[in-house]
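Got some structures for you, see below.
Okay, so chain A shows up in both of these, paired with chain B first and chain C after.
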Partner chain A sequence: MSDEKRDISRRQFLNYTLTGVGGFMAAGLLISPVRMAIDPVLKSGEGGDFANVGLEVSEITSDPQRVDWTVDQVDGWYESEVNQTAWVYRNDDDEIVAFSPVCKHLGCFVSWEGNDDYPEEYFCPCHNGRYYKNGVNVPGTPPLQPLDVYEQEERDGMLFLGNIRPHEEA
Partner chain B sequence: MLQKIYDWIDDRIDITPIWRDIADHEVPEHVNPAHHFSAFVYCFGGLTFFVVVIQILSGMFLTMYYVPDIENAWQSVYYLQTEVAHAQIVRGMHHWGASVVVVMLLLHTLRVFFQGAYKKPRELNWMVGVLIFFVILGLGFTGYLLPWDNKAYFATQVGLEIAEQVPFIGEALKTLLAGDATIVGAQTLTRFFAIHVFFLPGALFALLAIHFILIRRQGISGPL
Partner chain C sequence: MKWTRVDLQKYEQAKEYIDTVIVPLAPFQIGALDATAKNADQYEILTLFARELEKELMGRIMLTPTYTYINSAERSEEAERLNQWTAHFNEQPFKQVLYISFDPSWRKIANDLEGEFIWLPTIPLKDAEPAAIKDMIRDQTMQTAELVKSFW
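Presenting the complex of A and B:
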């Protein structure tokens, strides 16, 4: 038995083998729990489900009007109806725009002409945040970003609204 | 009788040296408030641990009534607050203790910082301590949601939005914490419950063990 040719000792071999087997066992044990924990991150978003908000497109004018509707929200095993609100108007380019009413400052609800002192503006009562008609925040008031907009489309003359996304003119 | 039981066990497994290693050690004069009253600052670490033990015990009993389900969570807390004898006290201990832990932890940190006790060779223990600090804050954050009232809900909303600000992984991190990309709901509550009751306490025990073993190994830092 020539020891010089043995470049791995019995002890090393056993060490490697046991480490390898142990590693496989640990991985086998952990893979399912970890995958289970991160499942919400990897689940593909169901993609914007559009909901009929009960407003005929022909009724949308250049004056923002408030629409309220409900969507079926699925939270894992819990399904519920959630109320949603939007301010809808037709802008100067004759496009329909639906703003989320959630103030970009601290999340209160803004109202169109919600304060008599600020006509033609959205007003947030919490900290006097204001937005122009096109949703852009008035400089010098608390909010730092324009109002979010709903994805929207028209089906059979009715307005359908989907996901909320950031304002593009930001 | 007790002595006999002790002897019977000691006879077989020789526990006296184990016991000596754990409990029988010298407390240097400069950390003993009986010698120098100002040495009370050395108590903050022990007090933090003491309150942590209270948190664990009171929390164990709270889970006898609490359910992490959005339909029943608030009701179960309300029930134990109003209908269960002494449960108000136990929940009070857990509620106020959560703040006391953080206060004690900060005082302990300040003592170690201003005495320079974190310096070589104790840097490792400082790092472990910082990790313990994060785990405690995590316990506070996840525990805050569990009563499932308005304050809890919106505090979590804000906390999740803070997590979302992390560069690159923010959104994934938020989803991982909340269990859903947009909703703070049923899956958020079960997740926070699991994190609060199993994951973070597990991490805390491991870190505390390292913290204490390192103290015993390195001893308490010398007088100023």
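Presenting the complex of A and C:
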């Protein structure tokens, strides 16, 4: 009778234990890929990277204007305010375009009509790099790529700018 | 370009394009509170300002670490040391060495300096709103950038 009291045999006990441990190991292995697979769902919907640049959309004309704003940047434990700049205008299709001012040659700031000899162009003071109004580099000048473009959107009539991405006409 | 590993690597690739050195000059002391605090403010603003200027013109300038000197130091001796810096830069070769400072005492011996001295009107940091300071720095950066361009 004593055998019947032992509900679980040694063999069964080991089976259960190993199944349990194996299950945990499998789960452990699966967690990261699953987390990665559904990652976009977990990200907060609010585009946190967009910043108000303090310019009303209605003030944007076909003449490029310079806007300066600051964003908080956290770099490890070091938090700092970073100044950012863009040249904003409305193109022929009535779309708002915000160019990064950073010259694609060596990184100086370009300015719209920065040189009297080259009206209707962006001009880089460092090595006379030039860009057309649509941001494309003028061939024969030092820069080899068009100006980068800020992602942009309108919220409550204000212009918000986000990440920088390469010019699409490149 | 700044004096950092990343920028120095870029400089190595583009030496022929970067022909101007900018050296900020800042007096330093630890003594009577008022004067000392003023120097400390100056130093902070000059550093901020130099970084902004570097951002604006990074493709053609190399910003060096700030040259500091004891407030009471004999300027002619400091000028000699500065000329050693300049001689060192010219080995690279850089064509243009520009010193920027809020300290007007350099004006008197500017002729003894082998680089160009640019004096900046002081930005009062005391009691000012951070936003106002930012605007003033930005303003002065644009104006100084114009001045630097005139040397090219």
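Basically, the second predicted complex is superposed on the first by the 122 of 170 C-alpha atoms of A that agree within 3 Å, B and C clash if a C-alpha of one lies under 4 Å from a C-alpha of the other, contacts with A are read in each partner's own complex, and residues count from 1 in each chain.
In the analysis below, a contact is a pair of C-beta atoms (placed from the backbone, for glycine too) under 8 Å apart; a residue touches a chain by one contact, two chains touch by 3 or more.
Not measured: the values here are computed from a predicted model.
In the superposition on chain A, no contact is made by A:119 with either chain B or chain C.
Of the two partner chains placed around the shared chain by superposition, chain C is the only one that A:105 touches, whereas chain B remains out of contact.
Look at A:139: by the touch rule set out above, it reaches neither chain B nor chain C. By the touch criterion defined above, A:75 lies against chain B but remains apart from chain C after alignment on the C-alpha atoms of chain A. By the touch criterion defined above, A:28 reaches neither chain B nor chain C. Of the residues of chain A, those at positions 107 touch chain B in one of the two structures and chain C in the other.
Chain A contributes residues 68, 70, 83, 103, 105-109, 124-127, 142 to its touches with chain C in the complex.
Those residues of chain A lying in contact with chain B across their complex are 37-38, 40-41, 45, 73, 75-78, 107.
Residue ranges on chain B touching chain A, taken from their complex, read 70, 157, 172, 175-176, 178-181, 183, 185-187.
By the touch criterion given at the top, residues 10, 14, 17-18, 52, 55-60, 134, 138, 145, 149, 152 of chain C touch chain A in their complex.
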